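By letter and in written order, the chains are A, B, C, D, E and F; residue numbering begins at 1 in each of them.
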Amino acid sequence: MKLILKLSGKIFDEEDPQKLLTLKEVVKELVNEGNRVGIVTGGGSTARKYISLARKMGSNEAYLDLLGIWASRLNAYLVVFSLNDLAYMKVPESLEDFIQAWSYGKVVVTGGFQPGQSTAAVSALVAEASNADLLIIATNVDGVYDRDPRIYKDARLLTKINTEKLKEILEGTQSVKAGTYELLDPMAIKIVERSKIKVIVMNYNKLGKLKDIIAGKEISTLVEPE
Amino acid sequence: MKLILKLSGKIFDEEDPQKLLTLKEVVKELVNEGNRVGIVTGGGSTARKYISLARKMGSNEAYLDLLGIWASRLNAYLVVFSLNDLAYMKVPESLEDFIQAWSYGKVVVTGGFQPGQSTAAVSALVAEASNADLLIIATNVDGVYDRDPRIYKDARLLTKINTEKLKEILEGTQSVKAGTYELLDPMAIKIVERSKIKVIVMNYNKLGKLKDIIAGKEISTLVEPE
Amino acid sequence: MKLILKLSGKIFDEEDPQKLLTLKEVVKELVNEGNRVGIVTGGGSTARKYISLARKMGSNEAYLDLLGIWASRLNAYLVVFSLNDLAYMKVPESLEDFIQAWSYGKVVVTGGFQPGQSTAAVSALVAEASNADLLIIATNVDGVYDRDPRIYKDARLLTKINTEKLKEILEGTQSVKAGTYELLDPMAIKIVERSKIKVIVMNYNKLGKLKDIIAGKEISTLVEPE
Amino acid sequence: MKLILKLSGKIFDEEDPQKLLTLKEVVKELVNEGNRVGIVTGGGSTARKYISLARKMGSNEAYLDLLGIWASRLNAYLVVFSLNDLAYMKVPESLEDFIQAWSYGKVVVTGGFQPGQSTAAVSALVAEASNADLLIIATNVDGVYDRDPRIYKDARLLTKINTEKLKEILEGTQSVKAGTYELLDPMAIKIVERSKIKVIVMNYNKLGKLKDIIAGKEISTLVEPE
Amino acid sequence: MKLILKLSGKIFDEEDPQKLLTLKEVVKELVNEGNRVGIVTGGGSTARKYISLARKMGSNEAYLDLLGIWASRLNAYLVVFSLNDLAYMKVPESLEDFIQAWSYGKVVVTGGFQPGQSTAAVSALVAEASNADLLIIATNVDGVYDRDPRIYKDARLLTKINTEKLKEILEGTQSVKAGTYELLDPMAIKIVERSKIKVIVMNYNKLGKLKDIIAGKEISTLVEPE
Amino acid sequence: MKLILKLSGKIFDEEDPQKLLTLKEVVKELVNEGNRVGIVTGGGSTARKYISLARKMGSNEAYLDLLGIWASRLNAYLVVFSLNDLAYMKVPESLEDFIQAWSYGKVVVTGGFQPGQSTAAVSALVAEASNADLLIIATNVDGVYDRDPRIYKDARLLTKINTEKLKEILEGTQSVKAGTYELLDPMAIKIVERSKIKVIVMNYNKLGKLKDIIAGKEISTLVEPE
């Protein structure tokens, strides 16, 4: 099985070595069982810090995005160095780099690729180019809810939806406050749909149970491409 | 003045050296007058030929896009070699490559960057990163029409619209037949809007009058970011 | 066994996915049996189209050759993407790149390397650097004839010749019309002779019988280095 | 005049856009007056955060240093993007990269180069390779003191010392607590001595007065190579 | 077992193919037994020739060091080409290059990395980054002596010392004549100490008995990090 | 005026800094007068030493050539570092690298490019790609003689010949002893002829009079493409 795991930048903000060691263990186990694993890291608070500083200095949007990308690559190197021998030791800087890196058979860890595109879009591109069976989005909530769970007490987790439905929910949410609800953006959804990639949205605090989640035994949301 | 010129792949399909020599002349003149010029080339029929062949062989969507990108780079090298001393002699393969190339002061010519994104989106990214004053989309029609001019005899050319209006038109057109009406895609529009980039849509058969078009003296469509 | 397969650009001009799928099958089989395979692709009609256009625009010979090389690389990517996991995912751009790529153990596909040299010469260089046991030239005729088979009805296919004899024939043919009879050029022959590389000239329409040809059971020409 | 400016990572920790805009202004002015400027950035708290996290996960010392280096490169990109057209748009990753970048005539900004070596050593190497007239170490104190000014109230700033004297002071200080007093390490001093590079240690809060400091009109320490 | 072997440039000065073939045999045997091997080559007389010539022409110290580094890379390529399939076919030019090269599982051969640092320091860095069990320094004497064996007849070989003791001896020797007694320099010792790397100093004329030396059955010096 | 200067490797074998300083002076003068200069360096005795050693170890011909190429690059770096600010600070490793390097406006120095081809062929390729007005071959004789001047006392220097005549002479000479009379090989002549490049063969001991030689006032041989 080939799977791409997208890690929210928030997991790095917690500065909790235990969570990253859990990640390492689960990746090691997956690899030992014969699976191929790719990882995409978000930029988190490091990205926000540098973007905010540069914005005050008047940088253009492309440069701001590039700072966020370099921050996400720093997170990627943190994962690379923790995986050590399991990992391809360089963080690819474009999809073409990724494709070449992937062909060596190791775990490939990548941050962002280019301005104007989220790391979620990167993870969808990477899943498509590697013919992945599954794209896993690990974030700080348990899955996709019918409304924003941070606002509505009665928000309900959806265990299975299709991309059409996801777009509806995201558009609703985004109209509330742009950028605060990170999941799949339009480009990511376009890729997922055109290549029929199955997506699971899960909580990164449950990475230790990743295999149960893949098997459908633990809470998460399965997003099916329309 | 800094301007980015996006050339439809169709101009290469015509195999007409005169059109490319006209391009060379107008670029030379612009550079001699102190302007900076960047060029983005589409893939045209060469791209379609390779994509079609690979699709029949079962390639994934990312690989198909990459073949189209390599074809667009071949078109870019054709322009580079015709510009000779005016040009940066390597075709950048990512936005980061472009930014570095651009800083040397030469005309930079680029094809596509990455799967899942049109060369129109590339031209918007390149315009943003180079702080361009103007993005010129040179295609095989005179500008943006209120409906598809190849279907409707009474289609009317719009001399000035905003991006909101453009989106409406494009959505209408695309619902007719996806991919046949190439202009700005959603990602390109997002970039153009967030960085307030002025866009002109013009006919590449009028490249010899580019300066008149920029001055608003020749027919074309000015698209203003909303 | 290590073998280098040189594919005439004409196989790509036919736009026949079946021929390339046959190539894929035979390469897969060879690899599964423990052989190492390298592939060199010619530029074909795509190369000729771009060269012709640039020539009319006044490009120098080095630039014309480079356009041909970039076209041959586009053909190489088509093969790379069809081979997918079997292949090294980047087309090497020099012999040093090739040597590095080759050491990873995958099928390496390359187009041209540099101006002033044919892809046949590239295939000889690649065969030498990889210590190949065999260089196979797959073209649109069944082998080497004693005279040009397209002109002389009674041309006779030679099943075995040495490089001295080959040079005589090629010089005779080339004096008729330069460039129309593509096989081994002087540089390729020099390499083949200095490193004693065995060469087979065969028809690419018989790629499905490649193993029989190697075993000497199917029609082709064996060229032995003098 | 050619000068290399080493910025302590602490200037980035302050997240004060004004300080970096002052840097930009002074660099611009120096460049406009015909000087060449190179900048080396430390890693600061971003480096410490990632190193600390990786250390808890058991990374080896080389990897820890590399995380610090990548953090310093992120600081370097922040400076690059603020300088925009003045700067070479890529952060060099080795001294050989730097030498090539430097030859284009732009301001070159670099972070760390390799494990086992401080960014102070990098700045000395860069000063040597660029035949710099002056190496400026901008840190969070006004210069070199005869004892650690954070401990001893009566510490006295030295306006002029030689490298022999500097080594004595640093050895004394380092015996108190390694790593807390960042200036020139042994490798940096070795380079400075062998190439007779003049060094000024100054406070980065006085970057706006850099020209006065170079002229000896503002407080700082001049370190002369022995 | 992972081991890094540092070859003095003097072994190349002897122009004795037999010594390099012995090296090849012992590396092959080590690899076949499941060990990982990295090799670092000094520059030898080729380095000295180019440095001397450039010094007379007035090059700066950084450029002189770079010529020595390029000479050491030439020695490295000689080893790479003799190892052929066993080796990674490119000589890394920085520690980051090395780390990536090392992850492919082949023998990696490297020369110098950067000015201001000896190839001994490179070998220590490489040992640290690859988590090596052992760093072997192969030179033209049998190990570390209590005084310079070329001056003092009664110099005694030390079979086991710690790095503190080594520093004392080297400082003593270096005060006699800088640069003539090549072993571990201060940077190399710093790395060896901070990462607790075990070092063996041996005679390259005994490479054929390398396994005995590692097992402690042949004469050499074991240096233990303090 | 654009000129490419090919330096025989023998000039480096002499280890005479004065000759290289003369080279520097003449290049500086040419550049200051507005000319563009490219330099190609042979491998000389360093190349022969490494090739001979590797041949005894059984390397294949491609690897032997590569060692010669790396030796020629070492000579190229020696020239680069002596030219310092005048030069592009990296030695290109292929013609594509060269083309890019050349476009920056500095003096570009290159060694060999690829196995199977002499540095004379490299100089012809480089002259073609840069649209050079003149290719100067600086060797250890005063020009082309009607027979080998080292054998025949009465050999006569030819002040002007065409490439047809040159081929005759070289074939005659080469039949005596291959490889001892280095000038233009068949590939170099092919390039020179197809792009009508004027060639001057001169003695590198007269580099100080290069401008007189170009003006036809000093002894040398002008080779005109047929």
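Note that in this section a residue touches a chain if its C-beta (ideal position, glycine included) is under 8 Å from a C-beta of that chain, and two chains touch if they have at least 3 such contacts.
Because the structure is predicted, anything quoted here is derived from the model rather than measured.
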Smallest number of touch links from chain B to reach chain E? 2
Suppose you hop from chain C to any chain it touches, then on again the same way; how many hops at least until you reach chain F? 1
Over half of the residue-numbered contact pairs in common: that is the test. Which of A-D, C-F or D-E passes it against B-C? A-D
Could you tell me the distance, in whole angstrom, between the mean C-alpha positions of chain E and chain F? 36
Cα-centroid distance, chain A relative to chain B, in whole angstrom: 31
How big is the gap, in whole Å, between where the Cα atoms of chain B centre and where those of chain F centre? 43
Could you pull out the residues of chain D that touch at least 2 other chains? 63, 66, 84, 96, 99, 104, 131
Interchain contacts (touch definition) - all pairs: A-B, A-C, A-D, A-E, B-C, B-D, B-F, C-E, C-F, D-E, D-F, E-F
Under the touch definition given earlier, write down the residues of chain C that touch chain A in their complex. 84-85, 87-90, 104, 106
Which of the residues in chain B come into contact with chain A in the complex? 60-63, 66, 93-96, 99, 113-117, 121, 124-125, 128-129, 131, 186-187, 190-191, 194-195
With touch defined as at the start, can you tell me which chain E residues reach chain A in the complex? 96, 99-100, 102-104, 131
Residues of chain D defined as touching chain A within the complex: 15, 17, 20-21, 24, 46, 49-50, 52-54, 56-59, 63, 66-67, 70-71, 73-74, 77-78, 81-82, 84
